[in-house]
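Labels run A, B, C, D and E following the written order; every chain starts at residue 1.
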Amino acid sequence: MNDVIDLQEAVVTLGQFPALTGVTLKVSQGEIVTVCGPNGAGKSTLLRLCAGLLPLREGSAHILGEDLQKNRRIIRQDVGLLGHRSGLYDDLTVEENVAFWGQMVRAESNEINEAIKLLGLDGRLRKVLVRQLSAGQRRRTSLAGLVVQRPLLWLLDEPHAALDSDGRDLVDGLIHEAAASGATIVLASHAPKDISSPSGRFVTLAGGRVTNDINNDGSGDGVS
Amino acid sequence: MNDVIDLQEAVVTLGQFPALTGVTLKVSQGEIVTVCGPNGAGKSTLLRLCAGLLPLREGSAHILGEDLQKNRRIIRQDVGLLGHRSGLYDDLTVEENVAFWGQMVRAESNEINEAIKLLGLDGRLRKVLVRQLSAGQRRRTSLAGLVVQRPLLWLLDEPHAALDSDGRDLVDGLIHEAAASGATIVLASHAPKDISSPSGRFVTLAGGRVTNDINNDGSGDGVS
Amino acid sequence: MEFRDAWAIASKDLRIELRSRILTNQIAPYTLLILVLFGFALDADTQTLRDTGPGLFWVAVLLIALLAIQRAVKIEDDDAAKERMLLTPVHSSSVFLGKAIALFIQLFVLEILLFFVMLALFDLSVEDPLLICVSAVLATIGVASSGTLYGVIAAGVGVRETLLPILLLPVLAPIAIGATRTFGDAFGRVDADGWAWFGLLSVFAVVYTVLGMLAYGQLMEDA
Amino acid sequence: MEFRDAWAIASKDLRIELRSRILTNQIAPYTLLILVLFGFALDADTQTLRDTGPGLFWVAVLLIALLAIQRAVKIEDDDAAKERMLLTPVHSSSVFLGKAIALFIQLFVLEILLFFVMLALFDLSVEDPLLICVSAVLATIGVASSGTLYGVIAAGVGVRETLLPILLLPVLAPIAIGATRTFGDAFGRVDADGWAWFGLLSVFAVVYTVLGMLAYGQLMEDA
Amino acid sequence: MKFKTIESRDGQPNATSSRSTRFLGLCLALGVPILVLFAFVFSPKDDTMDDAVRLLYVHVPVAIFSYIAFGVTAMGSIFYLWKQSRWWDTTAHASAEIGVIFCGLTLVTGSIWGRPTWNTWWEWGDVRLVTTLVMFLMFIGYLALRQVPATPHVRAKRAAIVGIVGTINIPIVNRSVEWWENSTLHQQSSLTDGNLEDLTLFTWFLGTLIFALAYVWLMIHRFRVGWLSSEHDALGYGAAIEERKAEAGIDTEAQAQASEDGGPQ
C-alpha cells in the first residue's frame, strides 16, 4: 500500500503551545479524508504540517514518501494547500493572479484559461482586481490557482467556506475528480455533511490528536 | 408596524460597479431575515449599507427610522456588524480585545466577562494574543464584542463561517434570544438550512437585487 | 466627546506598542542611525554640525514620527478595526484625541532620549531651557495631531506606506522648520527670535488639533 | 534556478507597482521633498550644498529604498502569498533574484530622475560620467540585493515597519558612503580615489547578491 | 546538556557559576587591581598624549574583544545554519551581547580619549569612528531581531543571517585607517610599529589578558543563562501537552458514542 501521508505521534508546537500533541494518521493514495473537530482542535495546523510549512517537534512524518524531519522542502511542489488566507495579490486582476500562480507551477496558458472558466470567473470578473472581489469570488480565484497546479496531495482547509451552493458542488466535483485521477485529498471541515463521498473517511481531531477515525462503510477504529 | 429596515430601490456603487442595483426590502422589528444568493450577489454590500458604512447612490434607505441619505452616522451605535473581517487588534489578547470593544460600547465589566464565557473563550484562551488564534476562535472573539454591544439591529455576514457545530448552535441561540428580546436580525448565508427558525424569512439576492422573498410559513411573494 | 473614551483608545495604542517593544528595541536605535547617516552624508566639521544640530534633531523626529504614524494607522487598518469603531457610540473627536495622545507620548519619550544624545554628540549647551521644553511640547502636539489626521486620510488605500510620507512631509516641514529655529535660538546658535517662532508652533498645534477633532469624523466615515 | 521564473516574479512586482502608480505619484514627489527638507534643515549656502550634494543624493536614495523595500515585503506578506510561493517548484534563489531585479529597476529609474534634479538644484558638473554610471549601477545592485535579503528577514513579524529600517540602515550605510565618495570624485568635488571606492561597491554588490541567493531559501522557509 | 553548576538541593541550578568559573572570576578580581596599578602607577606618561595615554589599556583591548565577540557570533551563526543546533545559536546570541557591551565601551573610552587629544568628543568625518558606530548599531539591530516574537528556530535562522552580514564590518573597521588615511584622525596601528616602550607594551598585554579573561568569564555565564532560559521555555512542555490533550476529554466520549451509532453519514 502506498501511504501518501504517514504521521506517527507527530507533535507540533506553535510558539510554546502544542497545537498537535501526537497525531498518528495514515492516508493512502486516492483517499478522500475529512478532518473534523471543534475550533482550535488543530485541523489547520495538521494541514500545514502536511504541506511542510511547519517544523515537526517530535514523532515522525512522511509525506509522499519523504521524511519531513530530514527535508521539508522537497515535497512542496507536489502539495497544494488552500488555507484560510488565499495567497493572492490584491493589486492584480483575477486573470493575472491565476496566470502568475499558473506560471509558477509550470502550467500551460490553456490550462489557466480552463481553470478560470471552470471556477466561474470568466467574463467581467477576469479583469477585476482581487482587492475588489467578494469573499466567495476571492476563494474561487485561490482555488483556480490550485486547479492549475494539479498537485498529488490536496490539502483543503474548509474548502466550502464562503462558497455558494454552486461553488460547493464544484468543489465536491473537483475533489472526486482529483481522487479518481489518483490524487489524495485531505480536507478540514466543520460540517462533514457538506461532502457526500461514498468512500469518505472522517478523522476527528480534538486537543491536538486524533480521537476518532471512521470509514463511511462503518469500520470505525475509534482511538480514545 | 415598526420597520427597522426600509429600503426602496436602493442603489450602491463600489467604485464604478453597481453592487446593489435597486433593492427594495422591509424588515420589521423582531424579525430574523436570512439573505441568500450566489457569490458576488451583493449580500455583504447590503449588510454594509444597512450599517451605514456605504453611501447610497440612488433610492432611499431608512434604518431604525433614520434616513441614511441625510445622516449615516446617527444609527451606527445601535447597529452591530459581524463582517468578513473581524475588527480585532492582533497584538492584544482575547480578553483585552473584548474589554476594549466593550468599553467602546459602554458595557459593564461583568457583561464583558459573561460574553467571554458565553463564547467559550474562558480559561487558557483569555490570555492568548488574537494573532495566535485559530480561525474559529477569532470569529468567536469578534462575536463576543458584538454580544456585549447588544445592538438593536444585528447584521451578521455568514455568522456560521469558521465555527464548529457547538459554535453554530451558540450563534443560533444568540440570534433567537436577541430576536425574542426585540432586536432585529439580518444575516447573510449560503446554506439557509443552517438556521432553523420557525419564523424565518429568506430573501434571495442576485445581480444586486431581491429576486425572491419567502416566509417560512409558505407565503412567499416571489419577485421575478 | 468624552475624555474617558480618548484615554481608553490612547492606552490601547500604547499597550500595543509596549507589547511589541517597538520603542526601545527599534525606534530608539533607528533614531541613532539616522543621526549617523546624516553625520556621514554631511561630512562636516563640528562647527557646522553644531549649527545644524537642531535641524538634524527635527528631521530625525520627523522621520521617526512617520514610522510611528504608519504603525498607528496600520493597527487600525489591519483587521478592519477602524470600521468597527464606526459602529460604536464613541465620538470621532475622542478617537482622534486618543490616537493623537498615544502618538504624542511615544514621540515625546523619544525626543527626550534623542535630545540627550544630540547634546552629547554635537556638544551643544542649552541657553534657554524653558524655550526648549515648551517649544518641543508644542511642536510635538502639532506633529501628533497632523500625523493622526493625515494617517486616517492615507488609511485603507493599499498604497499607504508610500502615500503617507508624501502627504505628511509638506505638512510637517513647517513645524520642523519652526522648531529648528526655536531650538537654534535656545542653543544660542542662531540669531532668531525663538519666542516668535514659538508662536508659530502654538498656532500649528492649535490649528491641527482643532481641525483634527472636527474633520476626523468626516474622514473616518468612508473607508 | 531558472531565469524565466525570476523574470516572471520581477514583472509581477513591477506590474503591481505600475498599477498603483506609486513611482510617479508618490515616491518621486517624496524624493523631491526630502531634498527640500534637507535644504531647509541645513540652511547652507550653495557652496556647502554643492559639496554635500552627492551625500544628500544617496541619503535620499536610501530613504526611498526603504520605502520600496517595505512595499516589496508587504506585497508578499499581505495575503500569505509568500507561503504559497513555497508550495511551487520555483527555486528560492529565483524568487530572490526576481524580487531584487524589480527593486533594482524601480530604484534605478528613480535615481536617474533624482540625478537630474540634483544636477539642476546644486549646480554640479560631471567630470567622469563613466564612473557615475557604473558606480550608480553597482551601488543600486548592492542596495537592491541587501534590501531584498533583509526584507524577508523582517517579513511576517508584525513589527516589520520599524524592524526593517533598523536592520537595514547600517547595512546600507556603507554602500551609501562608498557611493557618495565615488560621486564626489566624479563631480570633481572631493579628492577621493573614486575607482577605489568603486571597488568597494562592487564587493558589496557581489557579496550581497551571492549571500542573498544562498540564504533566501533558508529564510523563506518558515513564516 | 547539563552543566557542572552549583546546584541547590532539588537539582535545579541556582547559579550559573561552577568551580572553574569561580576560579576564573577570582583571577579576574585579582587581575583588575594589578592592571590598574600598572596602568596608573608603573607605566610612564606619553610624550604627546600625557596621562591620557592610559586609556590605551582599556580602549584597545575592548576594541579587539568586540571584534572577537562578533567573530564568535558569526561563527556560531554559520554553524547554526549548518548544524541547526541550539548550542551554536545560544553561543552566537551570548557573544553578540557581550560584543555590543565591548563595542559600546570602545566608543565611550574613545570619546573620552578624543576630548583631550583631538579636542572633540566625536568626529563625524572620521571613518574609524563611524564604521565602529555602524558595527555597533548593526549588532543592536541583531539584538532587536532576537527580541521579536517568533518560533525559536525561525528567529535563530534570521538572526544567523544578520550575524553573518554584520561581521563584514569587522575588516572594514579594522582596515579603515589604512584605506582612508586622509579621512581619519584615529591612530594607525601603533603596536606593529614597535614604538611602544617596554613597560607600556607590557601593560597593554596585561590589559589584553585581563579583558580576555573578562570575555571568557562573561561568555560562560551569559551562555548558561541563555541555555537555561531556553530550557526553562521547554520546561512546561510535558504539562502543556497533557493539558492540551485533556481538551479532547469531553469530546472523546461524545465521539465514541457517535461511532457506536455508525458515525456521521
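Brief remarks follow.
Keep this in mind: a residue touches a chain if its C-beta (ideal position, glycine included) is under 8 Å from a C-beta of that chain, and two chains touch if they have at least 3 such contacts.
Here the structure is a predicted model, which is why all the values come from computation and not from measurement.
Separation of chain C from chain D in touch steps, taking the shortest path, is 1. Contact analysis places C-D first among chain pairs (by count of C-beta pairs in contact).
Separating the CA-averaged centres of chain A and chain E is a span of 45 Å.
If you average the CA atoms of chain A and of chain B, the two centres end up 29 Å from each other. Chain geometry summary: the mean Cα position of chain A and that of chain C are 46 Å apart. With each centre defined as the average position of its C-alpha atoms, the distance from chain B to chain E rounds to 55 Å. In chain D, 20, 158-159, 163, 166, 169-170, 173, 177, 221-223 are the positions where the chain touches two or more neighbouring chains simultaneously. In chain A, the residues touching two or more other chains are 14-15, 17, 37-38, 40, 55, 90-91. Touching two or more other chains at once are residues 130, 134, 137, 140-141, 144, 149, 151, 153 of chain E.
Listed in rising order, the residues of chain D touching chain A in the complex are 5, 8, 12, 15-16, 19-20, 75, 78-81, 83-90, 217, 221-223. Touching chain E in their complex are the following residues of chain A: 11, 13-19, 21-22, 37-38, 40-41, 55, 192-193, 202, 204, 206-209, 211-212, 214, 216, 218, 220, 222, 224.
Chain C meets chain D in the complex at residues 20, 22, 26-27, 29-30, 33-34, 36-38, 40-44, 48, 52, 55-56, 58-59, 62-63, 67, 70-71, 74, 158-159, 161-163, 165-166, 169-170, 173, 176-177, 180. Across the complex, chain D is touched by residues 51-53, 55, 72-73, 76-77, 79-81, 83, 85-92, 96, 100-101, 103-106, 145, 149, 151 of chain A.
Those residues of chain E whose C-beta lies close enough to touch chain D in the complex are 81, 130-131, 134-135, 137-138, 140-141, 144-145, 148-151, 153-154, 157-158, 161-162, 164-165, 168-169, 172, 179, 182.
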